[in-house]
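Both of the next two complexes hold subunit A, though its partner changes from subunit B to subunit C.
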Partner chain A sequence: MSTQSSRFAARLMVAPSVALLLIWMIVPLAMTLYYSFRLYRLLSPDRTGWVGFNNYLWFFNSPDFWLALFNTLALVGGVLVITVTLGILIALLIDQPVKGQGFLRILVIAPFFVMPPVAASIWENLFMHPQNGLFSAVARGFGAQPILFLEQYPMWSVIGIVSWEWLPFATLILLTALQSLSSEQLEAAEMDGAGAFARFRYIILPHLTRAITVVILIQTIFLLGIFGEIFTTTQGGPGSASTTLPYMIFKQAIAAKDIGRAAAGGIIAVILANIVAYFLMRGLGRNLNS
Partner chain B sequence: MARALSPRRQLVTTLAAWTVALLIFFPVLWMILTSFKTEASAVAMPPQFLSADWTLENYAEVWARSDYPRFFWNSVVIAVGSTLLGLLVAIPSAWAMAFVPGQRTRDLLMWMLSTKMMPAVAVMVPLYLIFQRLGLLDSRIGLVIVLMLMNLPIIVWMLYTYFKEIPGEILEAARMDGASLWNEIVHVLTPMALPGIASTMLLNIILAWNEAFWTIVLTTTKAAPLSAFIASFSAPQGLFYAKLSAASAMAILPILILGWFSQKQLVRGLTFGAVK
Partner chain C sequence: MGKIQLTKVRKAFGEVDVIPGIDLTIEDGEFVVFVGPSGCGKSTLLRLIAGLEDTTSGTIEIDGKDATNLPPAKRGLAMVFQSYALYPHMTVRKNIAFPLKMAGMDRAEQDRRVERAAKVLNLTNYLDRRPGQLSGGQRQRVAIGRAIVREPAAFLFDEPLSNLDAALRVGMRQEISELHQSLKTTMIYVTHDQVEAMTMADKIVVLNAGRIEQVGAPLELYNHPRNLFVAGFIGSPKMNFIEGAEAAKHDAHTIGIRPEHIAVGDGPWEGVVGLSEHLGSDSFLKVAVEGIGTLTVRAPGEVAARHGDRIRLAPAGKIHRFDTNGLAI
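Let's turn to the complex of A and B:
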C-alpha cells in the first residue's frame, strides 16, 4: 500500500521528529565544540579569546580527570556486574511456583520508580548515616564501629545505591525472558541426567543471552550519565574520590563557572560515550540481530 | 517455565523469594514508616519499629510549607506536558515508520536511539547559555521542551514497536469495505493503537517525573520540580528525618502507583520490544 503519494506523506510525518532531534543534537554540540576552544569564564567575562587545546590539556593534566574517568567506568561496570548477576539469581528464584508471585513482583519493581534524589537520600540518611543510620545501629548492636560509608567508601556506596535502583529493571526483563523458556526442554534435559548447573549453563543461560544484551545496552545508556545520586549524597567527595566525568564537568560549569573547560569536558564525554557504544555494538550487536 | 515442585521445596523457595523481595523493598518501606514517626522517634537508637510514636504531623507540616505544593505541581506540569508534547510529535512519525517503512527506516530508528547515548553534560553549557539568553532558565516551559527532546527517541521507538504489531491487512480490509479515511482512523486504528499509546504515555511520565539532571541544572526555585527540591533538601544531623521522609514519600507515591499498573508494559517498552 505504499504508493508514491503515501510515501511522500510518510516522509512528511517523520520529518518533525527527525528535525527536532537533529537540532537537539547538532546545535548544542556545535556550540560545545566552539566553546571548548575558547577562554570563557563567567567570573571574568571581558577576557575571552581562542586558546587552542588548553581547555582539553587542563583535563588531561589534572589527576582528578583520570580518577573521574576511572570512576565513571567503575560505576557503569560495577552496577552492570551486580545487577545482571543478582538479576539472574532473583529471576530464577521468583520464576519458581511461588505463592503470591504477583505481589512479589510489585515489591521487587518498586525501587525502579523511586526518583534518584529520593533513592540517594533514603540510603544516605536512613541507612548509611554514621549516627542515625540503620546500618550503624546494626554495627553497634554487634559491638562494632559504624562504617563511614560515604566518607571512606564513597564510590562503592554510590555503586550500591545505583545498583539497588537498577536491579528491578534487570530482574524484570530477565524474568520475562525466563518465562518464555519451555519447561519441556528442561525436563527432557533433566531426564537425560543433566544436573542443575548443566541445565543452567547449557539451556537457561543461552536462552537469556538476548535479554542480558538488552539489559546491558539500556543500562549503559542511563548509567553513563548518572548524576542525581552523586549530587545528593557525596557531591563528588570526599575530595574528588567519587567524582565522575559528568559530575566533574558540572562542577567546572556551575561552581568554577569556567564555560570553556566545561565544554571541553563535554566533548571528552561524547568521545567516551562513542567509544563505549562502539565496543558495546561490536560485542553485543550480534546477539540482537535475529 | 514454571514447574511442579515438591511441597517442601515449594515452601523453601516461597520463603526465599519473599525474603529477597522484602529486602529489596525494605528501604522504601523504612522510609514510609519513618515518615509517620515523630522526629525524635525517627532517629532514636536503637531504631524503633513497633514502639515508635506515630503521627501524621509530618505530612501536614510538609504540605503546609508554602513551597511544597508548588514543587509538586511543577512536577506534574513538566512530566505530563513533556510527555503529551512528545506524543504529538512522535505519533505521526512512528505511524509512518510502522506502516510505510522505507529502506532506511531501521537506520533512522537506530540513529534516534543513538542520540540517547550523547551525555547530557556535553550539551549542558550551550543549553544553559541558550536558556539564559531566551529567559527560559527556571521556567516550566523550558523544562517541558528539554525533557520532551530527551525522551523523544524512546517515545518514537516504543510507539513504533506497538504500531508494528497492528496488522496492515486490517486497514486494507476496512478500505475494501468502503470505510472512509475518517472512519478508518476512528473505528479501526485508534482502538488498536490506544493501548500502545497509553503505555508509552505512562512510562514517559515516569521517566520525566524522575529526571534529575536537567531539573537540577536548569532550575533554581520557581520552576523546580520535586526531583530538584529533594536533591537540595539537606538534613543536618538528622533533625528533619521524618519530614524528609514524608516529603520523599509524597514525591514517589504517585509514580510508584502508576508504575505498579504499568510494570508489564515497562518490559516491552524499555526494551523496545526486544524481550517479550
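Let's turn to the complex of A and C:
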C-alpha cells in the first residue's frame, strides 16, 4: 500500500476535504482578522474605517480582560484537575467486579448526555438555589446559613458544573484504558512485592498516561470555549467575577454590538488557544507516541 | 530453603472443582515440571502456590511454614509469566530492579544485583532499553532476571517458552536448565509440552482434570507409566494402544507399544503404509494393520516405505499392559 501510484491516489482523494476544511477555517479567520482592525459598530453603521490596534488595545486596557483571561485558564485548569483526578478514582471503582455493573456504568456516563444549558439549570435551580436547592436544604438541616454559590463563589460554581458534565467523558476514556491493562502485569507486580498503592503508582498510572493525555487535550479544546453554562447561570457576574474570554467577546458582540472589538477578542482567543496548545503538546505530546 | 508441601489442596471456581484435592511434596532444589493437556489445572495449581488464587481448602507449606493465606509477596517466590508481564514503561534495568525497589533495598545494592543478573543473562547491553525494543528471547531473559534478583525460595514458570519460536525455545530450555544447575533453587515449571518436561525435569507431575496421574523422574514415567493417560501423554509420537484379541494374547485389556519399539522388516503384523514422514534421522510411518488398527512407527534413519506400500512390523521393545480400568499391570 505504498507504491507511488497508491500514495498519489491517497493524496488525490483527501485533497477535496483538506481544501474544504482549509477554506472553512481560512475564510472566517481572515474576516475576523479584517474586522478586528476596523471600526464596526452595529449601533452606528455609518461610522467605519481603519482603527489600527485600537480594538486590541481596548481589551488590554480593560481590567476585565485580565480577569477574563485568568478565569478562562482557571476554568480549563480547574475542570481538568477535577475530572482527571475523580475520573481515575471512579474508573478504578467501577472497574471492580460488582453486581449491577452495567447499570452503574450507565449512571456514571449519564451526565454527558445532558445538554450544557440544561445541566447548568439543573445545578442552578435544584442544587445551588438559596431557597429550593438541595445544598441549602442540607445547610439548613445543620442549622447553617445557606451558601450563595453563584453570588459568593461564581467561578468555583461554574467549574463545579462543568466538571460534573465532563467527568463521564474522562471516566469513560480512563476506564477503557484501565481495562486494556494486562492482569498479568498487575499479578507480576503483586509477586514483586508491590502493595496496592505501589501498583497504582508504578503500573496503573504509567499505563494511563496516554489516556490522560487524550482526555486533557480533548477537554482543553472544548473547555476553552465554555459559554452556555456561564450564560445560563451567572451571566458573567456578579460584576465580572465569572466572565471568561468567550463570554467577554459575546458581551462585546451581542450586548455592545461592537463587531470590531469582538473580532479583536476572537483573535486574542485564537492566539491564547494556540499558546495553550503549544505548551500542552510540548509537555504531553510525547506521551502519544508509542 | 525451598521445600513446598501441598496437603489436600482443593480449588473450586463456583460450582466447578478445578482441583479436587492434591497432595504433593516438592523437595528443596528440585526442578519439578507440571505437565498435562490444556485445562488440566496445572496453571491454576501454580497460581495457588504463588498465592495469586485463594485455596478453597487444604494447606500449602513453604519451608515448613503454613503459607496458605499469605499474600504472594510474603511467600518469597518469584514467577515468570507466559506473557512475561514486563512493565512496558520501564527500562530493562528498572524492570529487573522493581522487586528490589519494592523491598526497599538501597540503590547501590539494587544496582549491584541488577548488573550481576544482567551479566548472567547476557542483558548488559540492553539495560537501558525498554521491553518493546527487545526480541522475544531477550524479553524472556528480562522476566527471568526480574525473578532471580530477588533470590527467591523457589521459581515458578508458567509456560514461559510458549511464545518463542522453535529454535529459540530449545536455546532457552538449555539456559533455564543451566540456571537451575548454577542456582540450585527449587523450580516449578508448567508446560503442556512433554518434550520440555522430559528434557528439563528432575521430577514430572502429570496432571489430568485437576488430578495427579503420576509423579516421577522423566524416564520412570517413560518406562513405567502408571496408567493409560500417562502412557499416552509422555513420549512423542504418542504410544500405540491396541485392544481386543491382540491384547488378550498378552493377558491384558489394552496393550501399549511405543512407536520407537516397533521394528520394520519381518514380523507378525502386516499393514499398508498411510502417511509417511521422512526426517532423515527418523522416519515416521502410519501403518494400517489388519485386526489391530493404525500403528505409528518410528524407524531410525531412512526407510524405503512410501504411501501404499505393504510392510511387515514386529514389536521390538517393552509392551505395556493395562487392565480394564486403564491401570498398568
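Here is the rule we go by: the second predicted complex is superposed on the first by the 275 of 290 C-alpha atoms of A that agree within 3 Å, B and C clash if a C-alpha of one lies under 4 Å from a C-alpha of the other, contacts with A are read in each partner's own complex, and residues count from 1 in each chain.
Quick note on the criterion: contacts are C-beta pairs under 8 Å (C-beta built on N, C-alpha and C of every residue); 3 or more make two chains touch, one makes a residue touch a chain.
Since we're looking at a predicted model, the values are computed, not measured.
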First, second, both or neither for A:S182, with subunit B first and subunit C second: both
Partner chain in contact with A:A263 - subunit B first, subunit C second, else both or neither: first
Touching partner for A:F135 - first (subunit B), second (subunit C), both, neither: neither
Which superposed partner A:G193 touches (first subunit B, second subunit C, both, neither): second
Which superposed partner A:Y153 touches (first subunit B, second subunit C, both, neither): neither
Which superposed partner A:V118 touches (first subunit B, second subunit C, both, neither): first
First (subunit B), second (subunit C), both or neither touched by A:Y202: second
Subunit C versus subunit B, contacts on subunit A by residue: B
Contact residues of subunit A, present in both the subunit B and the subunit C interface: 182, 187
Partner subunit A, residues of subunit C touching it in the complex: 50-52, 71-73, 77-79, 81-83, 85-90, 98-99, 102-103, 132, 146, 150
Touching residues on subunit A, where the partner in the complex is subunit B: 1-2, 6-7, 9-11, 13-14, 16-18, 20-21, 24-25, 27-29, 31-32, 35, 90, 93-100, 104-123, 125-127, 129, 131-132, 134, 137, 140-141, 164, 167-169, 172-173, 176-183, 186-187, 210-211, 214, 218, 221, 224-225, 227-228, 231-232, 245-246, 249-250, 253-254, 259, 262-263, 265-267, 269-270, 272-274, 277, 288
Complex interface listing, subunit A residues touching subunit C: 182, 184-185, 187-195, 198, 202-203, 206-207, 209, 290
List of subunit B residues in touch with subunit A within their complex: 1-5, 10, 13-14, 16-18, 20-22, 24-25, 27-28, 30-31, 34, 43, 45-47, 89-90, 92-93, 95-97, 99-100, 102, 108, 112, 114-130, 149, 152-153, 156, 168, 171-172, 206, 209-210, 212-213, 216-217, 226-228, 230-231, 233, 235, 237-238, 241, 244-245, 248, 251-252, 255-256, 258-260, 263, 266-267, 270-271, 274-276
